[in-house]
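Letters A, B and C mark the chains in the order given here, with residues in each chain numbered from 1 onward.
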Amino acid sequence: MRDHLKFVAVGHVDHGKSTLIGRLLYDTNSLPPDKMDEVRMASEENDGVPEFAFVMDHLEEERRNRVTIDTAQIFFKTAKREYVIIDAPGHKQFLKNMITGSTQAEAALLLVAAEEGLQEQTHRHAYMLSLLGIRQLLIVINKMDLVNYDQQRFEQIKKDITKRLEEFGMEPPLMTIPIVSTLGENVARRSDKMDWYDGMTLLEGLDQLQPAPSAQNGRLRFPVQDIYELEGEKVLVGRLASGTLRNGQDIMFHPLGKTATVDYIKVFGASKDQAIAGESIGIVLKNKNAMQGLARGEVACDLSPSPHVHNTIVATVFWMNGEPLHKNETIDLKCATRQVSCKVKKITDRMNSSTLEIIATDANDLHDTEVAKLTLKADGYVCMDPFESVAETGRFVLMRDNDTVAGGILH
Amino acid sequence: MDKLDELESQSIYIIREAYYHYKKLAMLWSIGKDSSTMVWLVRKAFFGKVPFPALHIDTSYKFPQMYKFRDEYSRKWGLDLVITRNEKALAAGMTCEKKLECCTALKTEALKIAIAKHGFDALLLGIRRDEHGIRAKERVFSPRDEEFKWNYQDQPPELWDQFKSQAEEQTHIRVHPLLGWTELDIWKYIRREQIPITELYFAKNGKRYRSIGCTTCCNPVDSNAATIDDMINELETTTTSERAGRAQDKEDTYTMQKLRALGYM
Amino acid sequence: MVLSIDGVPFGLMRRMMDNGVMPNMAGLAGNVGIRQMRSVQPTVSCVAWASYMTGKNPGKHGIYGFIDRRTESYDLMFPNSATMSAENIWEVLSRADKRVFGMNVPSSYPPRRVNGILIGDFLTPTIEKAAYPAGESEYLRSIDYRIDSDAQLARRDKRAMLADLDKTLDTRMEAMFHYLDKESWDFFHTHIMGSDRINHFLWQKMEDNDPEFAPAFFAYYRRIDKAIGRLLEQLPDIPLLIFSDHGFCRIKQEVQLSRYLVETGWTTPAQEIVHPLSVDPAKSKAYCLIPGRIYVNLLGREPGGIVPLEKYQQVRKRLAEDLLKLRDPETGENVIRKVVMREDVYWPSDREKNATMEPEQSAMYKGTYGKAADLIAIPYDGYDLKLGLAGNKILQKTELEGMHTYDDAFMVARGIELPKDDLEILMLAKPILDKLGVEPPNDMDGTGSAITPRF
């Protein structure tokens, strides 16, 4: 069974992102056979250089035909893995998908064109990546043909980007690769036009990325979804968000702050002595008294390390409603199965998600498709985790009258 | 956890969410493979004791095998079976000459009758994502809902389809626990769990029903798939596109010519 | 480093080394020795190379010949890498993060995804489809790379065929050296197919010392040797294997085996013969595919089967008897040396190594193993088994002058440990993986000693 790895491709469309994606799909034989043939036939008329316009059209068509669920995912395979490129046509879409979407990127590809080099664009891309806490980064410097495959130029851009990333508190990239996506130089094929480069091709570099650790090895997080009474027994039901749960395990409920012991894991039609992240299960506790005070919204965790239990929540929020958010407004927050009412204390670094411009560092409202760092004071405690650690308890929605108006992630 | 485990867990999660929010819940059971799978999942979600009714919309034109199956399994599974029909329309002799009219009268109206009678505020339906295009016209999405279509896999289903019908009708919420499943997933799950399925799905005399509903509107397709394994095999090979088939023919011609020249044929 | 030369028999290689036709090979073999190696049944390149690259017997990889039938019908299909049901050595090495290269090895088209480059074999239809990553085809186009020499030329014009073989070899070697220089590889395998071609069409002329074609024959091998020389110079120390997949001998007659089965009442052709399997199933108890692969038209297994399972073994025995009776009317000699049952030469994946199955069990086995022929006819040297359903003669001669032999492929190995005694081609994958420190898949055959019995 092959590994899967999901990464985001960040970069301005003019810098050749579409062509790069087309190239990756074509070189790895990841297009349907008739599309592969189309690209091949087009290449015959193009001096042997494949034309990737077809590929992007095909992807667009797929995207349109697909039902809402898997929005912007592009698949390709190498010998080692199945890759998913989480793509988005624009920044707005990208930010929204990343914050509200389900799939978490395990790495990012940052694309920069060699002749244009570091621009404001790149600055903002770096900011976005830091926002989302993506740790593994591959930098790809494209269109090397337009700068005559000049090593100096490559080294200069590499230095500039690394410095800029540092400014955002990001780690240096795993590698920086000079490529030409149209000609395929250093994408799958080792280029013979850049002898001064002795690093890996992009495909090799991708194969070097580490997949995110499996959720089942993470911290235990079981958000209580409901409590059923069956034949005199009380059963806590829910889906294990993270970690592994075993019969006899000692757990602690947050925000309640109570400990308990798992008597057994209940599943219909089977017996289980262990459950892993992702499974929907029932839990019966050892002591009847342990059920005191437990309700939907509590999260069962391992005894240590303790999760964060928040009363004041500072998080990145993407607003998605025509009616703007106002400072001091009261709004509902729902994280996993927990729901609390919050007051909006501060709206900081209000940003236009299309241009990535900061509109105001300290704002009074937040409009549709804008992103900001919100400080929310809740009327209760919420058990949360940094988004990179546990996605379920690291993300939340904001609601007005039971309508979802925003999505947010905690750092 | 393999793909089926993941789908199963998500669906159970969605079902339990629906029950938490809407106590007057009912599940629509058409006796077909999708809704029967959903009923199976609902049983799992509630540990065998389903606390709400299974609603069967009876057009009276269903296959006799379906009625038999329904009665047998609602008993076996201890389901609270509610059968609803548009008696008025049937008495007036409604048949399928005009297909759309028939479906509206016998199905949609019957559903409204049931909702009015029992006060259901939410319904579980076994609609799958790869059927979405066909069923689209039965649902109404507000534009805002469309925008916030979150991935069911990792998020609680914040947004369920709001079926806002005409003024005189009741508003209710529709929940789709099977949205992330494909037809192939359903069959693989049926095989894995050994879920009982009506025999109409299996080939007899070179034909089988790919979907079942009323005898008047359902037509069989050519097939030799007599077992679930055959079915899965058939689905897996027909999903590899026809486009690949044409390309293969060209290649085969080339290969044949070459082998002939070399004396291998 | 592996350089394979298709179809060169041990005896011929020895002679060419001794006669100064291949001095570089002579030098190499002088140091490390040369030995004989067994091929595979049936003895055809696609089967031999599939067994080599998977380290498994055909019962596990499913390539039984150049043509095969679709199990749901009597239609033909062409097995290749897409239908081969096992991982090849490049894939195994790729998973262990090794950089790998393969070019022109039979049964490698369509090229699977690897950590490196794979270029498909002679059955690749176009250059654009030849390579993984697909972009490599751009380079191949630029050097006018030949996937294969023109097969039609061989029958029309032998001189033109020779020129074409040279051009093909040249572009092959050009590509090989280009890729060799490009980066440092863990595993690099290039295959030369032209030798099999020249052996098929000029063997007799070579043996008979034809004044024009015998020297031309050896000139081709001299050309190969020159490339080997350059290779040895460039890579003086690395582990190296140079070998062939089977041997060759002169053809006395081509045997239209399907015709024989018709005449002996086993096969009844259909009204209209469209391809080699145009049979009337209701009236055929058996039929055959090339070379020497006999299938019983078994009830419950074949789409139009008529032989009941209880009769399976009996039918096979009677078929074998009939096959062994076939004689060459000109010489009175027997044509078929031996007939083997499939469970004696093929083994499926989920069985204990080499455990022999009961005939009935073998007959109804599903999956990859189940596609094997029920019987394999092994001919005497000189009798090349073909199909010929539509023809009216059993024995005939065409422009083909040479045919494959089973026992006498050659092997020259430097810096790599191979099992000492009996060596068959499916035993090579394991030592290569061992050398590179990679764990072989646990259902590989030939991990230590030969598994196929001698015939």
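Convention: contacts are C-beta pairs under 8 Å (C-beta built on N, C-alpha and C of every residue); 3 or more make two chains touch, one makes a residue touch a chain.
All figures in this text were calculated on a predicted structure; none of them were measured in a lab.
Shared contact partners of chain A and chain B, listed by label: C.
Looking at which of B-C and A-C shares more C-beta pairs in contact, the answer is the pair A-C.
Among the remaining chains, C is positioned farthest from chain B, on the basis of C-alpha centroids. Mean C-alpha position of chain A lies 32 Å from that of chain B. Per-chain CA centroids place chain A at a distance of 49 Å from chain C. Listed for chain A are no residues, as none touches two or more other chains.
Looking at chain B, one finds that none of its residues touch two or more other chains. The residues of chain C lying in touch with chain B in their complex are 44, 66-67, 76-78, 122-123, 125, 148, 151-152, 154-155, 197, 200, 254, 276, 290, 386-387, 398, 400. Residues 23, 26-29, 36, 40, 43-44, 48-50, 77-80, 184, 187-190, 192, 203-204, 207 of chain A touch chain C in their complex. The residues of chain B lying in touch with chain C in their complex are 250-252, 254-256, 258-259, 261-265. Residues of chain C touching chain A in their complex: 91, 94-95, 97, 111-115, 126, 128-129, 132-139, 141-142, 182-183. The residues of chain B lying in touch with chain A in their complex are 1, 5-6, 8-10, 12-13, 16-17, 19-20, 43-49, 129-130, 132, 144, 146-156, 158-159, 179-180, 241, 243-244, 246-247.
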